[in-house]
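Next come two complexes built around subunit A: one with subunit B, the other with subunit C.
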Partner chain A sequence: MSNRRLALFASTALAAATLSQPATAATPAEVVTTYADIAEAAYGDSLTAAIGLQGAVEALIAAPSEQSLAAARAAWIAARPSYQQTEVYRFGNAIVDDWEGRVNAWPLDEGLIDYVDPAYGQSEENALSALNVIATPHFTLSGAAVDASTITPELIAGTLQEAGGIEANVASGYHAIEFLLWGQDLNGTGPGAGSRPFSDFVQGDGCTGGNCDRRAAYLQAATTLLVADLTEMAGNWAEGGAARAPLEADPAAALAAMLTGMGSLSYGELAGQRMRLGLMLNDPEEEHDCFSDNTHNSQYYDGLGIQNVYLGHYIRADGSTVSGPSLSDLVAQADPAVDTRLKAELDASVAALAALKVAAEAGMAYDQMLAPGNAEGEALIMGGVEALVTQTASIQRAMLVLGLTAASFEGSESLDNPAAVFQ
Partner chain B sequence: MLRPLTLGPLMLCLCLATPAMADFPETLRQHILPGYAAFAVATADLAQAAQQDCDAVALRPAFQAAFDAWIGVQHLRFGPVEVDGRGLAIQFWPDPKGAGAKAQRGLLLDDAAALTPDHMAEQSVAARGLSGLERLLYPADPLPADPCALIRATAADLAQTAQTVNDAWLVGYAETLLTAGESGNTTYLTRPEARQALFTQVITALEFLQDQRLGRPLGTFDAPHPERAEARASGRSLVNIRLSLHSLRAMVATLSPDVPKTMAAFDHAIALAEALDDPVLAGVATAQGRLRVEILQQAVTALRDTALAELGPELDVGIGFNAADGD
Partner chain C sequence: MIRHWSGLAAALGAVALAAPVLAQSLDDSPLAMLPRSKAEIARIAAVVAPTRDFSKAEAFEVKSAGAATVRVRPTADAFSQFSGNMAFDRQMNFNLGNALFTKTWVPSPSSTRASDGLGPLFNARGCQDCHLKDGRGHTPADGEKPVSLFLRLSVPGGSAPADIKDWLATQPEPVYGGQLQNFAVEGHAAEGRMQVSYADVPVILADGAVVTLRAPDYAVADAAYGPMRDDVQLSPRIAPQMIGLGLLEAIPAADLLAQVDETDRDGDGISGRASVVPSAELARPALGRFGLKAGAATVRDQTAAAFSGDMGLSTPLHPDPWGDCSAAQDACRTAPDGAEPDSRDGLEVDQQSLDLVTFYARNLAVPERRDVDAPQVLRGKELFYSLNCTGCHTPKHVTARLADQPEQSFQLIWPYTDLLLHDMGAGLADNRPEGRATGREWKTPPLWGIGLTAQVSGHSEFLHDGRARTLLEAILWHGGEAEAARDAVVALPKPDRDALIAFLESL
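This part shows the complex of A and B:
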């Protein structure tokens, strides 16, 4: 993950504008509280679903069967909607961005973790891309011997994750677990997802794929880590938590962070990296949930999360609603036309992503849409891309009418340490 | 009496150095449109040369000229070049997973008759454009099949893409930019939005220089990656950095006449790049060579920060969202 940082500056125009509003108008502080409440609820829902996944994984390991594998896969799928709706919190909140690589890093060189098809090959940029830790209890990493004879959460988080400083070495999080539950999708842009047999988890006779004990240990450890990581993040958004407190202390900066998250996810990340790039490469490995073919859901809920932040509205996993004063209220107070347009554009992007989801559920999986010459698939994906790009311009306008600007910087050495520039 | 024709190029240079006015319409007329026109011409020349003789060595000068022209506009990642991923199809880099070589191998072994321009346009962007041609004209290992048909098809496809982008600017997008803020313009609702779009290109391009062109080969002190330098096979890694800095400086000069600190920071970075004697940045693997590339990278970082602090306020805009916001 890049550590692109967003420094947020708010002008006094915002405070002046809101002071002049009638008493019933939304205030920045209230809007920030809604934002943090939604985060708390969505990370809480993600944690609940991950605990459900943990139970299903334990049942799979205890008694591997078609049914227990299917149940674990279903639990993984069920864990995604809440989490994807939190992705909009990543950009603009450094505490989330720093943590995010542990839970949702993508794409991965899955050969680091387990066996892969011979056609997978060896990445030129990652010496560990075909390490297969599950089959390799002892190996050397950057010249140092690693004892991986027992696979623990500490080994995964402390040694394997981003081993060698290479981002494709994704050892933890949803997609590592996804790979262990589904295996590689070897169908290219044709129908079908990964088809790992349940016997990959059978202990003793009947084990397929080798090292079933270590595979089970890896899956269990990775799931334990996911629960721990989500527990940490849900806590960060609770009352007084490390993510919530600084936003509440500086509501104007928080509003800029909220809009920055919406725009960065809309444009550079979702429309660009996750949707258009895969289409232009016709590469099924460039889909977000490439083992399970669940990409349509991940993208839909990403888009919904963007809308949630703007409207100050989130429907929890149990069907209850978290809502309150919203960015939309503030923008409408400042410039109703900008608000009306952005709301319509958010509706349009959610609808475009829903169309893609419907098509996938009707049988045209996301990787099939990436096939060269699949005009219908291309139109579905580009419909989402164009709607997301369109709304980005309005998100920028919303920043402007609220008197906010976001300036990105990363490791800005010349600002932090001017002398370093001329050393 | 003046001799106008021969003085023409000189007068153009003078105009660029001290524009009477500077704002986004000047950027369009003096930087964007001439840049794309030159790129379309250079790629058409390359395609024509490939038709006449597809000998790799003979084609290299035309390839280098086309790449030079591309670096004149590569930093502009908005408008027609963003449609249908045309920018990616012109140059797909970086390519960390080697997608280009993989996709291209299939095309090399295909029936040569199938390699029509239309067919090329449907292929993975990683196999197309300048990166695709570079692998064919400067192969590291012997190619598995005669590349002649693929060289011709790739060059023709590239020229077609360049022409399409140039046409799209001339017949539509130039007007979209120029009419920013006028009723009926749904892309740029105000003139500051147009300025912000161009300012964002400058800053994003400087970040690309810092993180990709310089940052990828630098890697870390313990793990430098000289093999990751851009256009290494054709020996253009440093050339691209120099040309990019010159192009961006020229663009900024058209945007604002009064950003002395930014111009000084450009001149400092350009001087370092010109003084660097390391065409493919191979020196990143040695202590001394690495230091020189790091100093250049720091100068680019300082330049970016200066432009953010000076050019942004001068144009009265902040940076907008850009394609590099993702991970």
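This part shows the complex of A and C:
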């Protein structure tokens, strides 16, 4: 109800803003279409890359070797850029918010899945944090017997994921697969990522780590599940899909969702939980891609995704471009100064995240940047944090000039009309 | 229970009536509350007056937490969202608080210096181990070690705070302290095991239907530090849901005190007494609002107490690194701790971290109502009012205007609680007084979100120790001041009983 009222209000504001513009001015509906088209392309690219990962995983399982493990790891790394560019679709698209935990949850108690270093603290209260389901075909969960003799996507999604209500019991998604491909990174804030040997997947003689058949089955099932989840989400964004419907029905609310996703990802999620926190605690456990040391890429592409949504522009994995009328066009029509400033700030945050990526690729991995006393690392991370924080203020300004409010998308009457509660 | 509202005059009258301490000190909230104008007080009184129209939902009823309400996620994450009206620049603090809330603390010494200090005795290694998905804890399954349910301990005697009237003096068990820690770090013995067994108690409803309650019995096994005192009092406590706490904190004390009716002057069988407790944050007595007997005045007090008692972590409010280890537990008090002079303010959980977790706890959002307009829900609502469930489960409040907490400021909220203490009868009694609360009294818990328990927590266990397995069982356990309402529910025809439950499920 409130959304509809907001829509009227916002549409009026937008109509007023566009009256004096040339006939070619962008309309909210067109901008929303670009947004949905980019989502369709980016989730589609994510799916394609996940299918590539699935192929590499099958090759690894069929013939484990240094090369096939390296190829599977490379396929996982290659699957991240397009997915990370979709993260800006969270925080406002209900269909994405309700689904996201299945594919990209972190951090995880990896002891749930497989063997871990004995020094790794196991939690008596979260008995599942040391369950090692790969080594344990039968166990008890909340008093009920679980038959895990066959590791299936259903077992992972329906029983293991968030088992016992503990969020760290992450059984599915990119990071579970990452753990199976890399193993624990036991180097703390020193150099080096996880170093699982390919022999962990050798069937029969030569198997290391035990239960190589079940480890292979887990990896295969988790990858199958990822492909299924991404298939579902890519379908939601296709023409006529369930994700598009509410946006098309209410373009003004959709604009609020777009900017809310940009702001929430910039500030609370990326700058806060994924960057500031690890630095505050000097804790590599707070690193987003902690097994593979690929965090710099995940963060860079998160930042790029924010810029994509604003500029209405996405470069697909195959190099082609999806673009169209953008939020930037609308904001420029309403207040060119706000648009110019936000574009510059988005450039600056992408550049800061790129600097971090360059440093990581040159040898200072993200977990090394978190080390206490690493002033250079701290400066790189804080450069990203500060740029993201700065752009959020302009995202808020953009909402203002478009006549939108962040929380209004959540449907809050009293923001439409603060006195309303006491009518 | 005085249920008539006439603005400030009634509020002041009731404060005088309660008068356990100086009234003005109770109103000294730690929050930056702005004063209300006379006109505003009148408007608020009108808007919180109970409705008499059950033909349709009330305006804004769907928004249980006003503008802070969030969409209902269809997953177990329904209680884990931030306030719906939170600005971007505050979401970072929420997420940082969330990370600390879900963090697993480790024993000292450890290479992860920012995360050590657990114990030596503890009930959990992290906040979320008990507050699963920010929802309710659960009773242990057969053979499972209890985590989100533990025992508070005390023995009679000790001193009472001089400035709080009617304080029922108790003191920690001399060796085991204020609660039974059933875990310990390596090299130390856990204090013991909580044992619970259940006996079936059938209840026959007026229409012949039988509901079987399970009556719990608690004991301590494997007591590792010698026998407990014979007169030890045990009180089982299950982790409550975490949503809406900042809003409950923001209800002006005067509004709550206005409902105090210690001697039941209005003769409705319901008294309502204020918990008044020494606040560590304020360093003076304040109205107790949090905890199952309202033993904590502020969200920060509750949070710091949990860090100390449940996890053995020091904070600025409870600087002892050994948590609940008693003086008799030498080895525990002298064990290595996580405090280093050069970091974290010389504490295990520093001021900044306590601030962040407090902010997180204040801002866990209440999801919106479902089916508010469904005829069965409206019928259930009418019964909830007509049976005087609202005598304690006050539907509406308006929070204070707050200078620095926009999320909680001046919202019309629907928590269904008066935050007061009520005698709930012998069946629910723990017979362990806590402050002003007798061994038969409990604080009215908020009911918002209660219908999402199964979705969030995967169970539907209610009451202070999770003994009730359905909402109907929870109602049937009500006694004491709620006995009349409970008997009325027993007498209801099935369609009405179902309607009442449907209403609760819609909260």
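By definition in this document, the second predicted complex is superposed on the first by the 385 of 423 C-alpha atoms of A that agree within 3 Å, B and C clash if a C-alpha of one lies under 4 Å from a C-alpha of the other, contacts with A are read in each partner's own complex, and residues count from 1 in each chain.
One rule holds for everything that comes next: a contact is a pair of C-beta atoms (placed from the backbone, for glycine too) under 8 Å apart; a residue touches a chain by one contact, two chains touch by 3 or more.
Note that the structure is a prediction, hence the values are computed from the model and not measured.
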item	value
Which of subunit B and subunit C A:G263 touches, first, second, both or neither	both
First, second, both or neither for A:G164, with subunit B first and subunit C second	both
Touching partner for A:A242 - first (subunit B), second (subunit C), both, neither	neither
Contacts of A:A344 with subunit B and subunit C, given as first, second, both or neither	neither
Touched partner set for A:A94, first subunit B, second subunit C, both or neither	second
First, second, both or neither for A:G188, with subunit B first and subunit C second	second
Contacts of A:R397 with subunit B and subunit C, given as first, second, both or neither	first
Partner chain in contact with A:T140 - subunit B first, subunit C second, else both or neither	second
On subunit A, positions contacted by subunit B and by subunit C	123-125, 142, 164-165, 168, 263-264, 266-269, 272-273, 276-277, 280-283, 285, 392-393, 395-396, 406-407, 410, 412-415, 420-421, 423
For the subunit A and subunit B complex, residues of the former touching the latter	1-2, 4, 91, 123-125, 142, 164-165, 168, 263-264, 266-270, 272-274, 276-277, 279-283, 285, 372-373, 392-393, 395-397, 405-410, 412-415, 420-421, 423
Complex contacts: residues of subunit A adjacent to subunit C	94, 97-98, 101, 121, 123-127, 140, 142-144, 162, 164-168, 188, 263-264, 266-269, 271-273, 276-277, 280-283, 285-286, 389, 392-393, 395-396, 406-407, 410-415, 420-423
In the complex with subunit A, residue positions of subunit C that touch it	43-44, 47, 59-60, 63, 66-67, 69-71, 73-77, 82, 84-89, 91-96, 98-99, 102, 104, 106, 111-115, 124-125, 128-129, 132-133, 135, 138, 141-145, 147, 183, 368, 398, 411-412, 457-458
Touch list for subunit B against partner subunit A, complex	85, 88-89, 96-99, 103, 122-126, 187, 189, 193, 196, 207, 211, 220, 222-223, 225, 227-228, 295, 298-299, 301-302, 305, 308, 312, 318-327
